[in-house]
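After this come two complexes, each holding subunit A, first together with subunit B and then together with subunit C.
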Partner chain A sequence: MTVHNLYIFSRNCTLLYYAEWNRLNKSGMTKEEEAKLMYGMLFSIKSFINKISPLDPKDGFLHYKTSKYTLNYLETPSGLKFVLNTDNSAQNVRGLLQQLYSQIYVEYVIKNPLCQLNEPIQSELFKNKLDELVKSSPYF
Partner chain B sequence: MVIYGVYIVSKSGGLIFNHDHNVPKVETERTFTYPLDIQLNYENKKIVVAFGQKDGIKVGHVLTSVNKNPVNGRELDDGRDVLDMLSNAENFPILLKFSRSKMTTNEKIFLASMFYPLFAIASQLSPEPKCSGIEVLEADTFRLYCYQTLTGVKFMVVAEPTQAGMDILLKRVYELYADYALKNPFYSLEMPIRCELFETHLQTLLETVEKSGISNV
Partner chain C sequence: MKQQNVDTKTNLPDTGEADECLFEYLHAEMVNYVLSSKTNGKEGEEELSPLEWMGFGVGYRIMERLTREWARFKDELDTIKFICMDLWSSLYRKQIDNLRTNHQGVYVLHDNAFRLLTNIGAPDSTQYLREAPRLLAFTCGLLRGSLANLGIVSTVTAEIATLPSCKFHVQVQRV
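Now for the complex of A and B:
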């Protein structure tokens, strides 16, 4: 199993953090462009799902699967978006995303007064803890 | 085991076939007293619940009738404005019926063409080389399965998340498409499919899958 990469978006489309572990395919654009494309796609998927859903959605979008990778999505009520790409054999990555939010993001970004909200995360501690958590997860 | 619908999207992204199979009706009717305890907004020619979920009425539901009279846009059949009625205490108590808004054919065409770029971007943003587009899209209420044929036609099924074997079903639908739409001399490519045989066979296929599972088709 592999974890490919991770995007964290704020509620207003800023890419807060990007990390990558195993990525073979470079998309051929800059990181900013790619983040915009990704955010745009997620935004469209969200409204697509809202319209096409036969019942009232609660969590909405959970994940999508292609032939090579799975994109796992978690959105908090405050609009923060976590996107983790893994391979197709990983199940229930949502737990890891929730852990990432509550144990890493809240602990090392929200509780750090030096971290500006809605701006890219610079904290070295956050970076290390995140890396540690992902590498110790069974999906890696 | 429920299949909600089948969609076929042509190579150029247009919706050429859609079939609603088992779409549940979400409706609630309740008597309200003055003042209303939910917030209603008028948007896209519909009166929509904006705030205050209660007794099965959810945000996003559309007001469909007032005292059993159907609502068109923001007016009743006799021309009375619904929002004016609701702001007047004399009209209370009042019986309101809300339901989840149904997709119109136009909206379906719009959604089908919206899926097309999503499919393409998903393969472009892939961390692995040579990746296909979206095959399964999962939300908490449904799962959408998409199968793209070599010729670029996309077959999509929207079903309950627990429904298994949808990939096989999609290939069966493709077979039906090849047999009853493509072999029909009156069918022209990229145009909406209006072939009776195709529809009846699809209907039976979906019913057998729902009743006895995928292993019997």
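Now for the complex of A and C:
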């Protein structure tokens, strides 16, 4: 099982954080461009799902799967977006994403008065804790 | 809010997540506000005395509350011990880890994981080391205010070597 990479987007489409653990295929463009592309796709999927759903889409978009990887998506009510790519055998990554949000992002970014909100995250402590959490998860 | 913490301490042992972060956020905003409202002449030196004064007032009042069921303290060391244990645990949910004194009016209070610093930096990184002192000014004043209410005039300074830990130097002024 592997965790490939993680994107955190703010409500207004800034890439707050990007981390990579096991990514074999590079996209061949800069991180900024890639983030824009990713955000655009997520945005489209979200509105696609909301429009096309025959029933009330409660949680909206949760994940998609290709033959090689799964993209797991968590959006908080405040509009933060967590995107985690894992392999297909990882089940129920949502818990991990929730944990990442409540135990890492809130603790080490929101509660750090020296961190600017809605700007790329610089804190080293955040980085370390995030790495720790992902590496200790059963999916890694 | 601190007052409230003291009052509800008995019936709410370790819950109360909401009121804890309320103080943290308010403190962060106070620091930001004080920094932004002052136009500093000298670059690199921040004007933190308003923060210290706020801390002084809070400390002075809190002491009134905390010591209401206590007998008079024997001596200075006793008072400082009270601060390290009771005041600290009612405000920061832990006690001071280490107290040193030279028995001539200098006390060093060592906190290994100061609550206002725990979410900022890891011990092995030097990031934010320069900005961190501004988060201690309020607490310096708090110490000074609480000591003042117990009849001890002092100056309090803080020092950070590695991040979540810090030292408060209390220098008692003899008249």
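Just so we're on the same page, the second predicted complex is superposed on the first by the 140 of 140 C-alpha atoms of A that agree within 3 Å, B and C clash if a C-alpha of one lies under 4 Å from a C-alpha of the other, contacts with A are read in each partner's own complex, and residues count from 1 in each chain.
What we mean here is this: contacts are C-beta pairs under 8 Å (C-beta built on N, C-alpha and C of every residue); 3 or more make two chains touch, one makes a residue touch a chain.
This structure is a prediction, so every number in the text was calculated from the model and none was measured.
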item: When both partners are placed on the shared chain, which of subunit B and subunit C touches more of subunit A; value: B
item: Subunit B versus subunit C as contact partner of A:38, first or second or both or neither; value: first
item: Partner chain in contact with A:61 - subunit B first, subunit C second, else both or neither; value: first
item: A:4 touches, of subunit B and subunit C: first, second, both or neither?; value: first
item: Partner chain in contact with A:22 - subunit B first, subunit C second, else both or neither; value: first
item: First (subunit B), second (subunit C), both or neither touched by A:117; value: neither
item: Parts of subunit A lying in touch with subunit B, wherever the complex brings them together; value: 4-5, 20, 22-25, 27, 34, 37-38, 40-41, 44-45, 48-69, 71, 85, 87
item: Partner subunit A, residues of subunit B touching it in the complex; value: 4-5, 23-24, 26, 58, 60-61, 100, 103, 107, 111, 114-115, 117-118, 121-142, 144, 158
item: Interfacial residue positions of subunit A with respect to subunit C in the complex; value: 107-108, 111-114, 122-125, 128
item: Subunit A contact footprint on subunit C (complex, rising order); value: 21, 24-25, 27-28, 31-32, 119-122, 125, 127-128, 131-132, 135
